[in-house]
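Below you'll find a set of structures to go through.
You will see two complexes here that share chain A, one where it goes with chain B and one where it goes with chain C.
Entry: the complex of A and B
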């Protein structure tokens, strides 16, 4: 069960899990701003790669950026971004295996772009 | 055992993502280990031949040469006597059983989930290092958070 700080009443994960974020801050100490800037810069690249893979009709090109985004988002407490990424990754893996078509991820592509913007705003407004 | 018998471990971390590489490096450093990093499989194979390590932490899903292939090549290098045999721990964000089977088939000793929190991750790695390297100098939980 996720920590209470990672839940809300609609069962959609919160944007940021502040408990997880504080744990990372505690480990990184004065290097925290550096790791946060890496996360925001590289997540923007992964989202772009996801969009480009989708536009090019290449499901396999979406898998790795979605996977990496999933892992780093979880570690940085970006729970809604993690949730979107894991659903996207699982879906495109099935598409790569021949189950479903790429068109079904169109709403997920739109959502992950929006959630990333919201996540970035939430970090930078703190 | 005296302190003179103890030694600090050198750990190679192979991870393409900067965020995770930076965070995991810090966690491993806080355990008292020296960390050598590589950003992909090719760099890992070059560095492992140049810098002796006690342990490799290997990301599995990387662009280009993935962790499974890199581990197989390290195992082959050790088999030819080009490097010492080094335990490899797979780091993965996937809980799929097939992934675990592939990691073990590639010669990796353990699989650790990357999605754990830093505290959980540090505790799991400490327990494993303590078991595998009883003579190693490792930081206590108190020292890790100082």
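Entry: the complex of A and C
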């Protein structure tokens, strides 16, 4: 039992769900490295599109990459990335509807970049 | 009445290649029939492929780059009302779910999906096609047979059997002696049909 100070009290999801990952590996068999490579490659593009949409001040341009990133992250067991993207997607959808402003997603943009890097490192170090 | 055939054609309408690959490979792992897999990344591609390939099953995403999959669902079912179309989406919106069912989707799969769910979808489509007649009507006897054979579906899912055995079971059901449970179901249905209906006066 770790000391209380070391426990995760923020209910943050694990970086990788190894059970989900093993399931994908079982389905894809020898194509698993290929799908993982595509996932990392595509996710980098989605993160870039999210950043560009934010910089351009276009909330609607952030919705689709956040949605797609959310969806594929969960399929591949990247739970923390999934969590960040689902919060981002929900927030920008509200902004598109006229609730809130784009400035409020600045910390989320920063976080999603960091989590993506952590996720990529975790996959490649396995 | 026949199950579509030993070859089932599936059109996967999905712009995300991770989901497309996982769905496609899951279908490739289905052992009870040969699955021909086709991909469409957009609504425009799906529309063309649907007309040329005449697929038995369509797995249809909702959020697509050139439009909404629910609009395509409606359009495809106008072309082929009997087609077995299943939504495959990350949308947990109740509105999307209700609209899918109202428009005629045969199922709603939430992403991420697993291989078992893909296999259930294929098996369900085979039983579906086996029990719909050429007039797009559910035959009463066939429907009864479907309900009494539901445990058989479960057994196929847990203990895969060769396709030929499945086909024979369903295709010959009307001519062969039905199992006891099926006899009972048909007898009950017949009794309901022939028994006097309560009249308004007796109510």
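Here, the second predicted complex is superposed on the first by the 116 of 126 C-alpha atoms of A that agree within 3 Å, B and C clash if a C-alpha of one lies under 4 Å from a C-alpha of the other, contacts with A are read in each partner's own complex, and residues count from 1 in each chain.
The rule is short, and it goes like this: a contact is a pair of C-beta atoms (placed from the backbone, for glycine too) under 8 Å apart; a residue touches a chain by one contact, two chains touch by 3 or more.
Since the model is a prediction, treat every value here as computed from it, not as a measurement.
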Combined model on chain A where chain B meets chain C, clash or fit: clash
Touched partner set for A:115, first chain B, second chain C, both or neither: neither
Partner chain(s) touched by A:68 [first = chain B, second = chain C, both, neither]: both
Touching partner for A:23 - first (chain B), second (chain C), both, neither: both
Touched partner set for A:59, first chain B, second chain C, both or neither: neither
First (chain B), second (chain C), both or neither touched by A:81: neither
Which superposed partner A:15 touches (first chain B, second chain C, both, neither): neither
Where chain A meets both chain C and chain B, residue numbers: 20, 23-24, 26-28, 31, 34-35, 38-39, 42, 64, 67-68, 70-72, 74-76
Chain C contact footprint on chain A (complex, rising order): 20, 23-24, 26-29, 31, 34-35, 38-39, 42, 64, 67-68, 70-72, 74-76
Complex interface listing, chain A residues touching chain B: 20, 23-24, 26-28, 31, 34-35, 38-39, 42, 64, 67-68, 70-72, 74-76
Chain A partner contacts - residues on chain B that touch it in the complex: 16-20, 22-23, 26-27, 30, 61, 63, 93-94, 114-115, 117-119, 122, 145
Residues of chain C that touch chain A when the two form their complex: 15-19, 21-22, 25-26, 29, 63, 65, 90, 111-115
